[in-house]
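In the part that follows, the structures are each spelled out as structure tokens.
Both complexes below contain chain A, partnered by chain B and then by chain C.
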Partner chain A sequence: MQLFRIDPLTKKRLQRFRRIKRGYYSFLILVVLFVLSLFSEFIANDRALAVKYDGKLYFPTLKFYPMSTFDQKDEYGFDDVEANYLGLKTELRELRAEFKQRMESYSGTEAELIAAEPKYARKDAWVLMPMVPFDPYEPDFTYDVPPPNAPDGRHWFGTDGQGRDVFARLLYGFRISMVFALLLVVLGQTVGTIIGSLQGYIAGRFDLYGQRFIEIWGTLPFLYVVIIISAFFIINMWKLIIIFAIFQWIRITYYMRTEMYREKTREYCLAARSYGASSWRIMFRHLLPNCLTPLVTFTPFFIVGAIGSLTALDYLGFGLPAPTPSWGELIDQALQSDNRDKIWLSIAPFGAISITLVLVTFVGESVREAFDPKQFARYK
Partner chain B sequence: MIDPKSPMADGAAVGGVGTELAKDTILRVQDLKKHYPIRGGVFSRVQAAVKAVDGVSFDLMKGETLGLVGESGCGKSTLGRTLMRLEEPTEGRVLFEGADLAHANKKQLFVLRREIQMIFQDPYSSLNPRLPVGDIVREPLDVHTIGTREERQRKVEELCLQVGLKTEVINRYPHEFSGGQRQRVGIARALALEPKVIVADEPVSALDVSVQAQVINLMVQLQKKLGLTYMFISHDLSVVEYISDSIAIMYLGRIVEMGKKETIFDAPTHPYTRALIASVPNPDPRKRRKQAPIEGETPSPVNPPRGCAFHPRCPFAQPKCKEARPELEPFSGSGDPRHVVACVRKDEI
Partner chain C sequence: MLKKLPVAGRLLVASCLIAGGFVVGCSSEKKPEATKDSVESSEAGGEEAAEAAPVHQKVPKGSTGIVVDPASIDWDTNEDAPIIGNPDAPQGGTWHDWMGSYPLTFRLQGPDSNDSFAGWNRSFTMDFSLVRLHPVTDEFIPCLATHWKVMDDNQTIYYKLDPDARWSDGEKITAHDFEFCYDMMLSPHIVDPFYNTHFDEYYSAVEAVDDYTLRIVGKRESWRPLYDYGLWPMPRHIFEGKLDENWVRNFNLQFQVAAGPYVIKETENGQRVVFERIRPWWGDEKRYFKGLYNVDKIDLMVVLDSDRALDHFKKGELSHFRVTTAKTWAQDMEFESIQKGWVHKKRVFIDYPQGLYGFAMNLQKPIFQNKDFRKAVQYGFDFDEINKNLMFNAYFRAVSAFEGTEYENPNLKPYGFDPAKVREHLAAAGYKTRGKDGIFQKADGSRAAFTLMYGQPGLERHFTVVKQKYAGLGIDVQLQQLEPGTAFQRGLEREYEMTIMSRTTNLFPSPHQYFASEYIKTTNNNNIWAFGTPHTDELIDVYRFDMDKQKRIDAMWELDSIIQDEAFYAPFWQAPFVRLLFWDYVVWPDGFFPRRFEQITDWQVMAIDTEKEKALAEAMKSGKALVRDEIVDVDRWGVKAAMVQAGGN
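Up next, the complex of A and B:
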């Protein structure tokens, strides 16, 4: 109950944020995009959303069906691998066209033709594919020229060097970037806030030595550390988040520390001590809610930073492991010497990164403005 | 170091020599000191100390109001905070009914805090802007886990009524109130634990004069009703004259004169007190000032003048004033048995 009651100050700031249209709409767009990207499997996938076959309904997004379910066989004759839904869709379309053609020259009714040739019974089966019927991992080799292939009706944003759909990779890359950035920022900000607040609240020696430690820690070159670590370990997303967080927490400590220093001298803090409130209670119930401005205002910019760094690291090849859809990896492909003329490879990730970062920055700017205690100050 | 007394123990039984309290003494402060070290040099050695409170002793009688007066920087607020243990005392004892607040450990202190509470100076910063008034007043009860949820809620309503606020205020936030109302909330919070002693640190100096009177009257009413004992810190002599039973005058970390209100106002003895009393503006233009107000600046509490700290500004100063620091001694000239003065020339001047 305590958590969900919004005090009037916060309420006012939220109202102010909603009034700043640019930031508010950017925020809404980002939220919608992010929520949509969480359902990427239903937007860009080579598994069908739904299949009606022999009178039964299938939902292949949620469950694996082997080829045998739909009487398919791959080129080697196996039928226990994943069904090819795009192929099934083409088969059925051809079947319907064939049936239509036969009907024109056939004298009897449709039912009679089906009775004569039972394979036409399947003309009513259908396959509903997602908006983009390609998986970010599966290459598409149906073209005559080797990939990357330019954008067309089949691949809106073209395909990359391995023949994978660029749009699908952008979409999954967006999800990975956002999830990565959010997790990283939550982890880093939590650690940084706790350490910075403790420094400010306890002060004295703890603050002195803590500050020196942070100064030394802050001079560690991040990129080299990542390169060294990735030489020893296989990096996955969680490890990468933790490595990032080890460096990420530092910046917020400066702000939380000074906020605490300022806030703890206020008399309400003395009053709390005078009736015997514990340090824990004073810190988290009284001081922290009054020190949240830097935390809230810096978070969007840290998200921008996190997305940027992840992309940079992926570009350099020290980020997420190879088949993972990633913007940095796409840029890397685009900049390879034999891909210089494949302009879609660079425009697509560039556009995605720019739009995302601009949106997050708009949100950050507006949050900063909405939380600005000096509302009427003008900086020139 | 003296062992902290159990807060539950009877004062007389554990007090030992010199700590037996008179029957109606509720709080005895003995030689309380608060020095802030100034560090410097290569190894951060203590080079000097700001002697904010430098050996203060007094008794607070049950049900009385002691006014503590002094100019800015004389250590009044530090004294209040030190005896509340908001600042760690450097030396000395604070005996509440025989239990030593100054040396009490965490657990003992927690229990003792229920008996002695504080009202703060600035009604704007003394209330957490993020909490509704009801939560602010209820928090001491929460911390001390007194009663059930409903009982606490009822107690909060009761407290609000007691300080002259409507019960609707419980869900409102501090910024919706005026300074006077905020100070009432502060008083309600201080009363929540039903303390016996309240240290009021300039509770009205941040308020408008018209509101000051209301808050002071409220404090007087509450004292009568609840039998509270006040230590009232202020620099405003007229406020102190109105509310206090006895008055202590502080100068540079020490009490220089203490006695009944009438004694201090009618027959001030210490030269500093005289100057203070004389500086109160008199509404009657025909009455002339008897004495020129004191001149010069307050000396630094790091290096207070040798001997009597007031001698550089004192119109009665003599060479002997520089020799030894005068202690508080009873002054019989006024006929007040509690009248004490720290001046070597108190009988001459």
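Up next, the complex of A and C:
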């Protein structure tokens, strides 16, 4: 497809983008963060990365193991619930310390002591926990004071109002925000581009009525529509993306429409037509590649908008259903009158949002600059 | 605070004589954790729609009642009930209090008459009704009527009025003022559908027999006629001839002529309203007004929210402050004034009906048709964990459907958290194996999963903890937060699996609208769980129509235990107390508040000791500490003791 063949102009633009350091590095940072967040389960989770127990290797991140696997029992005597890996780790550490102590006063070899007391055979078992050994859902009520608890060695960013780890929630929230924004922008831009292009290319009545429809559609109060829809369905991410996309496509149609109007009067378009190319082919093979500038330059800003709206909706409580990790929900907690003195609740999500949006905006600015044909223009 | 109560709720609180059988949304003390909700206001509209007035079929509507010669009546009265408050309380001083917004009107009816100021406004006007309920003994006591007599038909009542009673402008209060009130409440010119409907539904006739004898006929027989068919006066000499389409506008900002001891003396637009005590007042020597209305002035300032009000209190600008969040009470109550004994903190237990507040399961949804599953859900609800970790152990578990009334069955014990019982009941319900996600499922693959729908954002943090707990037990709870009005409406329409239900009640619970089987077939009523059997219907009818109190109580106790056994209602928490901060100069009677107490405006027992006020000012100037009162809990009525004994907390 011509769309993805790198022509000299695109190459030049890419080079220009790479030269703009601020945008380029922001882009790299974002990509790295996003890729890392795709593996959140390996970074913040209460399931261990790997467990060596009784000579066997387990990878609990990928599979559910009941407590019975590791000879555990919960406080009510059940062993078919999920294993407690943090507890197992502590258990094993204590066992090793005990063994070491016993060895100091024991006359024989290690092997002899193990033979005498078989439980010490487990001293070689180990548990490898992720960097943050908490998942974003499970409350941690081990503190004396009810949550939220301030940051400490256990929870780097503190806990929220339900005792959940703020760092874990930020991380998972970042992934959800980014995935949401990217999917939404892809969907919205595709639909918007097609409709806008058709309007510009076909023109006439189709354009006239289409434009009136868009104007009316554009005035619908988006937030209320979402709230109404959320009254009928239990919202999940896919439904929310579709609801957002229903409104998201509008803006790009304006630009694509005008681009098409302009491009279709050019000679190469006439030439293609005189060769007998179909409208479809002219539109998507000849015209569209030349109309991509607004699409590409606006995309980062649409991403910013999408993250912002999702956060706003979550803040209001009508976004993704609780307990989905979400920045907006954290901000909501931070702003509740009870929590106004718990500054870690506000610093963390505000910081995360600011950094993400600033990075995306830097990328956007650089893309726009790279695509600007009047590179050396001076405005007076 | 008052402003948070719904329309009907405030009417009920403010004038407890009018709203028999009305049931309303949740009070603010119920939901101290909720911060940005507005569920109450939106619930009010739905309430009126959902309200189904019990109609007694045996007596024709609009009966004309019994007519007798007043001279032949053997009048009833009550001069033996204990005095409310402390009759030796010091007089004088200024009571500083706050309200959330400046009143849009001083009218008592019509548009905008239901704001945070209304409680005070009504407490000196509409609260002066014919008779009152004694807040300790629940007996009827004289107010504007000294005597009364209920006729044999239990719907006609004669009242003999107090000839001493005067309006604040000196005019006599006569039976014609009551007659006028009735006409006025039915008038379309007051633009108040609530009163229009209520008076139309409850009253057949209000007649002045002579200047001081009043006859009221209710629409139907009642075992609490004095409660259902009470009335307050409206100043006929002020309004007569002026009750037209301009009434709402003309009387918008006109100060009320009151039957009570305070009138509005000055206002500062947008800032404050000051009430001043009438001295001497006609009621000063009456038995049941002694010990009340002790202060000379009541100064209400506008403070936007309760956080700021607390700051105003700490600065000494408010006489008292009512703490409504558990966190403030647990963590913010050791400031300097408390340590130095200038300010005292008290948690005063009161015996006020707690209403229905808890998880409701919809018996029309397949998942909850199995009683064992419902019981599994009951045993999986870890109230103590939530109370301890999210609410500073500040609340008490509710158990009964009629909590805080004499109809609550004291023998009920809450379902405690018990994972073994959860397993047992899940297995009995057919959920025997755990799926890949750890959730129990039946042999046919259907999961032990349901949706919890709610409209109060402030409760989300409780529910996520509940959800995690159930997930560990193998039950999947999906949370669905809706706009508060929508959530409430969907509850009424039974379009939910589980929801959080909150309704306040008065001293007389109304089980009929919540549990009568006649409502199962229809929706948009308060029987949101679709419960009811012929037997429970019989019990409810005993409560509604039997004149024997003991029979009514027995019936309700049985109903209460059936409701618990059927397990479709999992009560959440109750807060049967008032958390109070006040300066050292404020003097309370023994036990602080009467037993039946909800708002400070209900029974104004507070007094100000001006000597102590001076001493406090001096102590604060020199930084001298006073004696610190270490006793925090006040439990004169044994409410806390009873709850502790029942194992609630």
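Just a few scattered comments:
The working rule: the second predicted complex is superposed on the first by the 373 of 380 C-alpha atoms of A that agree within 3 Å, B and C clash if a C-alpha of one lies under 4 Å from a C-alpha of the other, contacts with A are read in each partner's own complex, and residues count from 1 in each chain.
Note that a contact is a pair of C-beta atoms (placed from the backbone, for glycine too) under 8 Å apart; a residue touches a chain by one contact, two chains touch by 3 or more.
What you are looking at is a predicted structure, and each value in this text was computed from that prediction instead of being measured.
When the two structures are aligned on the shared chain, A:Tyr275 is found in touch with chain B, with no touch to chain C.
Look at A:Phe39: by the touch rule set out above, it reaches neither chain B nor chain C.
If you count the residues of chain A touched by chain B and by chain C, you find the higher number for C.
In the superposed pair of complexes, A:Phe64 makes contact with chain C only, with no contact to chain B.
Once the two complexes are overlaid on the shared chain, A:Arg266 sits against chain B while remaining clear of chain C.
Look at A:Trp217: by the touch rule set out above, it reaches neither chain B nor chain C.
Of the two partner chains placed by superposition, only chain B is touched by A:Asp7; chain C is not.
No residue of chain A lies at the contact with chain B in one complex and also at the contact with chain C in the other. Against chain A, in their complex, chain C makes its touches with residues 33, 35-36, 305, 307, 325, 327-328, 385, 388-392, 419-420, 423, 434, 436, 438, 451, 457-458, 460-461, 463-465, 467-468, 472, 478-483, 486, 490.
Here chain A touches chain B in the complex through residues 7-9, 266-268, 270-278, 281, 286, 289-290, going by the rule given at the top.
Remark: chain A residues 64, 76-78, 80-82, 137-139, 141, 146-147, 161-163, 227, 230-231, 234, 317-318, 321-323, 332-333, 336-338 touch chain C in the complex. Taken in their complex, chain B has these residues touching chain A: 81, 84, 86, 109-110, 113-114, 117-118, 120-122, 125-132, 139-140, 143-144, 173, 175, 186, 189, 192-193.
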